[in-house]
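What follows is a pair of complexes built around subunit A, which joins subunit B in one and subunit C in the other.
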Partner chain A sequence: MSVEAQQGIASKRIPAGLGGLLPALTLIGLFFVVPVLALLLRSVTDPAPGLQNYAALLGDGTYARVFFNTFLVAAVVTIVTVLVAFPVAWMLAIMPPALASVLFGIIILSMWTNLLTRTYAWMVLLQRTGVINRALMGAGIIDQPLPLINNLTGVTIGMVYIMLPFMILPLVGTLRAIDPMTLRAAALCGASPLAAFRRILLPLSLPGIAAGGLMVFVMSLGYFVTPALLGGTSNMMLAEMIAQMIQSLLNWGLGSAAAFILLVVTMALYALQIRLVGARRAAGGA
Partner chain B sequence: MKLIFAGILAGLITTTAAKADEMVFTSWGGTTQEAQTKSWAEPFAASSGIKVLQDGPTDYGKLKAMVDAKNVTWDVVDVEMDFAIKAAKDGLLEPIDFAVVPKADLDPRFSNENAVGSFYYSFVLAWNKGAVAGEPAGWADMFDTKKFPGKRTFYKWSAPGVIEIALLADGVPADKLYPLDLDRAFKKLDTIKSDIVWWGGGAESQQLIASGEAAFGQLWNGRVFALEKDGADVGVSWNQNLTAADVLVVPKGAKNKDAAMKFLATATSPTGQAKFAEASGYAPINTKAKAEMPADVVKGLPDAHIDGQINLDMNYWAEHRDEIATRWYAWQAK
Partner chain C sequence: MTEPFLSIRKLRKAFGAFTAVHDVTLDIPKGEFLTFLGPSGSGKSTTLYAIAGFQDPTSGDVLLQGKSLLSVPSHKRNIGMVFQRYTLFPHLSVAENVAFPLRVRRRPDAEVKRKVADMLALVRLESFAERLPGALSGGQQQRVALARALAYDPPILLMDEPLSALDKKLREEIQTEIRRIHRETGVTILYVTHDQEEALHLSDRIALFRDGRIEQIGTGEDLYLRPATDFVAGFIGNSNFLAAEHLETVNGAATVRLGDGSLISGINANGSFQRGQKARLMIRPEAFRLDQGSTGAELAVEIVDVAFYGERRRIVARTGAGQEIDIRPTSATLATQDVETRHRPVFFDPGAAFLFPA
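Take a look at the complex of A and B:
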């Protein structure tokens, strides 16, 4: 592109203001806002006009249970992910850059592997006759296979594994921005390593934990494949229930209402995230 | 330059021409769809010149969306029979053109105005011989955790089968199954709920039994057939085997309806049915097909086990599909 053309674009973009956003807004309107409105409309018109779909969802014990399960799983996954990700992120932040980039490569590589493949791999590892149980029984540590699959444990293990990169990456950014001198200063002032962690490192890394944690939580809310394969029917999550309503029961009104509730909750959490950590971080900027 | 242009033009013309002679067949993927492709689509393409494109897996939500949006890209779809009856009532299906599809030899159990049989199968009781001491004799043994400890696997989705099995195991006579006593069925299922591992697809059911992850379960006979063929150490009881069927339907407004009807004629022909049954272990819905099949294959079919065989009532299920499903999923989530 010529210099002239670049300047042309630049000079047009700035004074045009909102007008320059029009293509992007049209795109969002057409492919996001319109479908969401259609979804909302269907949830109050199918099979008949009214709020009966929402009444059915909110007034029924089963659905309440599924909502509760969804939030429980998302919360447990988020907490475990933070606990596992923090030491890894800290290690990546302080290790020599060359080595760190190799480890980053490994972490990102796992994200490129097909989700279904990774979930099936966990099934093979976790089931009663799987590698882990066989090894533990072979070593004489347990007599009965541990129930690692078709329950909350299985879902948590499988989902934490998938969510880790989304937590580690923002966290490393935050941790790297912390001046190591602050920790040294703390030590010089007589703080124990634990106190330094609790009073310096943890507060300073909170924005990263909040950003990553909310992302993991929101993503977990809508997860489908992993809970369906590694969980039991008593841990059913909302996304699986919506799929049943749409695909199997062809009850699109009810499915739309459930999807809309999930969307509203997600948007509310996103708004909270913007409040807490600022719009730029929420959008993925470090 | 002219030559290139002419070449592109020729290319365009041939692709458009090909388009007119194409149709889309949608099924459940895996070994079943492979067998359908080999037994039906390939011979059909060779004899008619109509290319059959494969799509899948079958998705009832997608089917409804296509018909609602009047943009139907599937021409023939393999669906479960209770869904087909319900979908016909909802106006989602084209009527079958029996002037093109010969009806005389089709098993009347598995065909109606809007659907012709694809194949039929039985739910059978299968077990891993290494994981079970003794031989389960019937459905009641699946509910006897003292005599037969271990995990048992059942079909996860709300569909004809598990409810009936629970009722049979509880002592309901086969001819008194319908209308289904759901309270009684769920009460019976409650007694083994913590020992149930659910399977959502055929491959999963095979994996559970072959690995011994589940000691026994309710499986599609074709999947047990495939396990035996692979040399897995499985036992099978045909006692009170429960038949159900997949059927082929044409969604309302399908773009290549004429080609679809011709395809159905090939798929339900004695030869098409015989070849598919041989490849899959599922039973033919054309009564003349068995004459074209090797004797040892016929022996493994549900047809060879009609003694005590029970036909799941697809009309009952089509009628009560939604209310049973609502209760089913609520019970599972508990």
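Take a look at the complex of A and C:
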């Protein structure tokens, strides 16, 4: 086929394809690209043109603390989620399929339950006079109520609970691809259960942990409801700070700059995830 | 009496109401290649898994050099095993797979290196040391699995249908490798298969399993030439079973009447028979003679079909009683005119025929 003919086909196809894509592109442009550009514009023009909003955010110790706290919470939530999700995912991966699908249903159902409802439920459970503290005191295990709410503990518990399905689902996929016979083989080779986990199961499940972990981390960075309800004022997260800047302080420029920084970090991490998942797929296909 | 090397004592495994293994008792001397042969669900794999420690038997014991293995967890049994499916660790190179059992035993690096080189040489895969298992063919993967299972010099090597996923040509090739490796290492091998040819090719002895029991144990020749039951005769090699009526047995040599009324004497009787009892007469297809001057017992047949298979012919014939039989004479001893007559007698040595209860 000649070059001209190829170009002919290509030039005929692209406008036709674009025509079909136009409504979707308009939608994305109008409701995503334009607002983000407006946000960016606002962050460098409000109250006066320049980068002073970014300078204020990155130079001020208070804001730096919020950034640090956001990353700390996201990291703690991700680590705890991995630790809790792994045994659940392994159980789901090796149990009989019928039973596993029932448990999957329960997990998915919890995802569909309203986020606020679930977070308020945790408030009821975790507060000073909540079910958990009363049960522990009633059993004589503690004398004083544990500080479970309005601090990092509360945020971590509440967010881990919400993030679990996002970790379990990719992890189950990875774990299901591991033949349980491989672990029997490891045992007969002389590997104790711990050695088999460390040398075989963990390395083989790393792609799933990475995919789920990155997803949880990225989602946690921008989380608002749970930190706002279960967290304390001393460990505010970025999303809360943005809400405060815009709603209480009416400082749109500063809020926009903070939101834009969050967006850039999130996008960077998302790009990293795509690279990792893409690399895994490529390795699996070879 | 000296202790047997490996001893299985009244091993029993029940899954709820179903008993997979019924009181299997077996002694295995050091260095033996013993095959558990049998159809699927006959209890051969369950027995092997009990030795490996993957399944706790309901009762009975497994003793290695007089010591019970049952309370020892899998990872401390020091047993090598090659599985039906490929179980190499996909994230480790071939060399690291073979090194794995040595690394978890914390052997010094120099020893690991030397042993891995030895093992890869044993299975002739030296040049594949740095590859990942995914880049190997099925046959190569099973050879690596064999090297991994032998790397720590286990006293026993278990093999659970290791060749069932491979095609026939590759299977035969690796069977030869396994024989060589058994010869070179002297390891005691317990091998599970449902393929009788594989069992005959590889084993010193074969234990034929049926419904959770050992039907017969012996050399391949024992099972083939002196089957204890009609199940053994039917499972090992090809067999014709003719309906017969038992007349009398003198010193283990039976006389029977076949469906067409003819009498045949001098048959090996397995068990005791009543006069007039219905029985089955087993004759191997290759035991029949058609050539000129054949002697022995005579059976009148009608030749239905003759096919040429190179070293043998396969003849389908019908007896006077209307039963179809399979005859496989060697081509070298058979001239074309021998099979041209449609109605003719075929001959067999009654000493190589067996009588079983119907």
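The criterion applied here is as follows: the second predicted complex is superposed on the first by the 251 of 286 C-alpha atoms of A that agree within 3 Å, B and C clash if a C-alpha of one lies under 4 Å from a C-alpha of the other, contacts with A are read in each partner's own complex, and residues count from 1 in each chain.
Basically, contacts are C-beta pairs under 8 Å (C-beta built on N, C-alpha and C of every residue); 3 or more make two chains touch, one makes a residue touch a chain.
Bear in mind that the values here come from a model prediction, so they are computed numbers and not experimental data.
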{"item": "Superposed partners subunit B and subunit C on subunit A - clash or fit", "value": "fit"}
{"item": "Contacts of A:76 with subunit B and subunit C, given as first, second, both or neither", "value": "neither"}
{"item": "Contacts of A:182 with subunit B and subunit C, given as first, second, both or neither", "value": "second"}
{"item": "Touching partner for A:204 - first (subunit B), second (subunit C), both, neither", "value": "second"}
{"item": "Which superposed partner A:146 touches (first subunit B, second subunit C, both, neither)", "value": "neither"}
{"item": "First, second, both or neither for A:190, with subunit B first and subunit C second", "value": "second"}
{"item": "Closest approach of subunit C to subunit B (Cα atoms, Å)", "value": "46"}
{"item": "Common ground on subunit A, meaning residues reached by subunit C in one complex and by subunit B in the other", "value": "none"}
{"item": "Complex contacts: residues of subunit A adjacent to subunit B", "value": "60-62, 65-66, 69, 127-129, 150, 228, 232-234, 236, 241, 244, 246-252"}
{"item": "Subunit A to subunit C touching residues, read off their complex", "value": "179, 181-182, 184-193, 195-196, 199-200, 203-204, 286"}
{"item": "Contact footprint of subunit A on subunit B as seen in their complex", "value": "59-62, 64, 90, 151, 156-158, 197-198, 200, 211-213, 321-322, 325-326, 329-330, 332-334"}
{"item": "Contact footprint of subunit A on subunit C as seen in their complex", "value": "52-54, 73-81, 83, 85, 87-91, 100-101, 103-105, 134, 145, 148-149, 152"}
